[in-house]
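The structure that follows is given in the form of structure tokens.
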Amino acid sequence: MSRPFLSANARRFVLSDAETSTSAGEWSVSSAELAIATRTPFTIRQRLLHGGRQEGVTLIEVDNGKLQFAVIPTRGMSLLQGKCGGVTLGWNSPVKEIVNPAFVQLGARGGLGWLDGFNELLVRCGVEWAGHPGIDNGELLSLHGRIGNTPASKVVVVVDDQPPYRIHVRGTVVEQTFKFSDYALETDVSTEPGSASFRVSDKLVNRSDYEREFQIIYHSNFGPPLLESASRFVAPVKQVVPFNAHAARDLSNWTSYRGPSERFGEEVFDVVPYARADGSTTVMLHNASAVCGVRIDYNVKELPHFTLWKNTDTMKEGYVTGLEPGTGYPHPRSFERKHARVPTLAAGASRSFTIEYAVLSGAGPVADVVADIAKIQGNRPLQVDAAPENS
Amino acid sequence: MSRPFLSANARRFVLSDAETSTSAGEWSVSSAELAIATRTPFTIRQRLLHGGRQEGVTLIEVDNGKLQFAVIPTRGMSLLQGKCGGVTLGWNSPVKEIVNPAFVQLGARGGLGWLDGFNELLVRCGVEWAGHPGIDNGELLSLHGRIGNTPASKVVVVVDDQPPYRIHVRGTVVEQTFKFSDYALETDVSTEPGSASFRVSDKLVNRSDYEREFQIIYHSNFGPPLLESASRFVAPVKQVVPFNAHAARDLSNWTSYRGPSERFGEEVFDVVPYARADGSTTVMLHNASAVCGVRIDYNVKELPHFTLWKNTDTMKEGYVTGLEPGTGYPHPRSFERKHARVPTLAAGASRSFTIEYAVLSGAGPVADVVADIAKIQGNRPLQVDAAPENS
Amino acid sequence: MSRPFLSANARRFVLSDAETSTSAGEWSVSSAELAIATRTPFTIRQRLLHGGRQEGVTLIEVDNGKLQFAVIPTRGMSLLQGKCGGVTLGWNSPVKEIVNPAFVQLGARGGLGWLDGFNELLVRCGVEWAGHPGIDNGELLSLHGRIGNTPASKVVVVVDDQPPYRIHVRGTVVEQTFKFSDYALETDVSTEPGSASFRVSDKLVNRSDYEREFQIIYHSNFGPPLLESASRFVAPVKQVVPFNAHAARDLSNWTSYRGPSERFGEEVFDVVPYARADGSTTVMLHNASAVCGVRIDYNVKELPHFTLWKNTDTMKEGYVTGLEPGTGYPHPRSFERKHARVPTLAAGASRSFTIEYAVLSGAGPVADVVADIAKIQGNRPLQVDAAPENS
């Protein structure tokens, strides 16, 4: 890259690094301090959290001048929540604290311990395994794997030194067990100053000398105001299959949402989206009046499957929907393997995953995305399977 | 409340709060610093512990001028021990450190991991479940639940601004799992300057939108000098049932204690106490010569069942007895449910539990309590069941 | 002891102590600061580690002027690695971080969670149990026990105040569970300034009032340059038995090593060494050209069994061999008990274990140790069992 005026050091901040055993603790930087003249000034701040089960957790808050979001290095670089004008990204979980994985026992409740800390806008599920607990190869695999409860080994903030001065929060999360797996997930969450969107660009590296299975699901979760009664999920869909008999009963309404509903629990749908010729696709969640929404762009070559998690339970229990591009669905790994949805990575190989989240404000932008998605669908058929897959 | 000279800020100290991510660290206050002229000066101090498995634990030490006790925010607001003149409350566990829950794996040993950190004067067992491990609803429930190994989310010290200037150590302990439970236990341990007693006033709130089962047992534990050979447990008793066949063999001596006894292990008795008309009741443990004791007052409307845990093993193994008011007995939850001792809390509902512990010094005070308790019993019959309940 | 010029305080440094709740944090001392005039100046330094799963771990680095090694108080006083001239002791595990036990769930993967943090030169396995996971007395015993994932309760650095001014890093690791066990392992790793060797002198104390079983295996691990194709294990051997059918297939080559080998996995051999009349014995690992090696001296009265772990897998997966004196072999405890290899300690009793590790540089020193070992063997027979023991 030709960067004549590169001043790399001034704009790259190592916030923690296990290799050098460094940790910045409380830290912040602003566009003014960096002498970057963007139209919207930006700030990036790292906090060290206290109290209850969040003692010792670090949190990185980014405000690009228009959009605010937070990344949790201690919890696998998950995104806590976002905000853009009046639109909140994320949801209101009964779990309020940002739980230190030291206080999470993933094996508890027959492998459901992950639920003790679940409250994120985006938590990656994986990578040695993801999905519901189950015995596989004689081992109990806990819900959604370990990556979301693994502290990042190296965390770096980078501000590009050329316009548009994209802001990156990068973190390497190492998931490994001697003799079992050695994965590095190199994450990058980035945004442009003044933009209403952010991008997740991850690279999963199999550092082992052996080919290994992996699974990854981008569990992206939204509550009000995007989610409300009559909100809609919009996507170009090739096939939809109810996750289980419970979801099958409500198949006819699978793209629309109820308001907060007592005893609703959850419904899950396994979706195969259509894509443009280059594999790119777009899905959207918009509110009832279609004046605000979130657009999610990614590539089905990277993430061929998509899970729609409709958890329209009461507000207190967690009124939330998950839009979840993934390498497979959240069935137990043995089930997924049977259905050929557990990919492998060769020794030393890597796979990249890029997802862009954009906040849509106004009827026009929402309608535009509806049109975009309709164009991807074109006149291609939608296959609706009435019954779940056989296990 | 009409408090004309209220100076709330000066006498309320937030020691930690997850919501605002604050933590006071090392901290102390004294009656002198507060300009409170009590007959006995008092101090309250928070320490941050180091070393071994207690690294990172906070401890709040209260000295009311006559009675000293310590509260452990990191361990669910348990009470570590107390001291009043020559009388020690609590016991000498082989576990000396105040163990950070980060180093406790509750699921270990088939659900007995709780024993790795057990050394308290008072540890609450609960609240989603308590009692011995067992499979219930397909889930292994670990010994005595999670609340005693959950760091408090908010800790506040309050000194009343009116005589008698009662000192409160308050902590909210949140026990929750997405989709399973959302309990807040609002604890308050308080004492009056110069007093020989302290009061535990807890409120359990079901923050969920659903009715939920709960269990709570106040596992209050005493060793020497209150416990010795020929110490006695005194209570107004309606019914006593041996916990198991082992306890049944020693039923005739159930209210008296052995000295430290090799290979004794433990004996447990399930007790239904009588109460006064208002539900209040009194139980006591006193030493062999009846010159010192601990009086425990509580209400059977709040805590209808009482467990007597007689662990008169050797001094090094832990010579201790537990006097345990509770919503039920420490059988596995499925057993307790079968016997209708697993209460529920409606959505948003709460239950309060108040227990007062008073140190008795001298033959007179002990005899007075014996008389009090005899008066509660009156001529009402005691039912002694020779055999344990059927499971 | 007659030490006329004893200045004990100046040369004894308490780095942490749970009993007094002290912790030195970052700390260092040098021979110059101690005004000790050794031929080779030495330094001792404690660091507090940051980043990823090693957040909060303490590490003590010793440089005796010739040999460098590091002790990990947070991980049971394990030795991380050593270096002496061009010879590295230890190995290159895929696990790079020094993992805080707070992030290790020993019960995971059916009891294989220990593998999440395994990367040491020396990790003690034990002490209530060691070896492979298995159900015993109705309880799942996790791989290699708990001692290596237990933070030391008291850590002291001592420099002898008389020549040769031996440097000691001492740590007490308490492994206990109420009603199950109460062990204190008093460890001491020491070295003389300018020496190429270090000594591990441990004392295991059963603080319980009951006789208890215990197991301890000194899992000492070496990779390149000592381990390479055609490296040799040299020992005076009375009996060798393959650990399992897999190892049995390669029995004829059991004392020589392959280079890094894909899909090799591991081979394990159960060895009974011969000893000198006083019980002392010597084993060695040397490289292919026999110009460098590590000599290990210990006493078979203390540690009668020896396990040779040959994990000559690829470099990235972990190319490593374990030379492991122990009270038994790493079969599950129930298996070991059946074969009378689970010793007990009476109430209050203790057992000591001393192992000396010396780096050998040059053909002469290696040949000398070969001769020493041959002298121990003398003309005593070697029994090679073709088949593993029956379970």
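Which chain is which? They are A, B and C, in the order written, and residues in each are numbered from 1.
Keep this in mind: a residue touches a chain if its C-beta (ideal position, glycine included) is under 8 Å from a C-beta of that chain, and two chains touch if they have at least 3 such contacts.
No experiment lies behind these values; they were computed from the predicted model shown.
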Neighbouring chains shared between chain B and chain C, ordered by label: A
Rotation in the CA alignment of chain A with chain B, degrees, nearest 5: 120
Same-site or different-site touching of chain A by its copy chain C, using the half cut: different
Chain A and chain C, separation of their C-alpha mean positions in angstrom: 43
Numbers and ranges of chain B residues touching at least 2 other chains: 56, 102, 105, 107
Complex contacts: residues of chain C adjacent to chain A: 47, 49-56, 93-97, 100, 102-103, 105, 107-110, 112, 115-116, 118-119, 262-263, 313-318
For the chain A and chain C complex, residues of the former touching the latter: 16-23, 56, 101-102, 105-107, 138-140, 142, 150-154, 174, 176-180, 182, 207-210
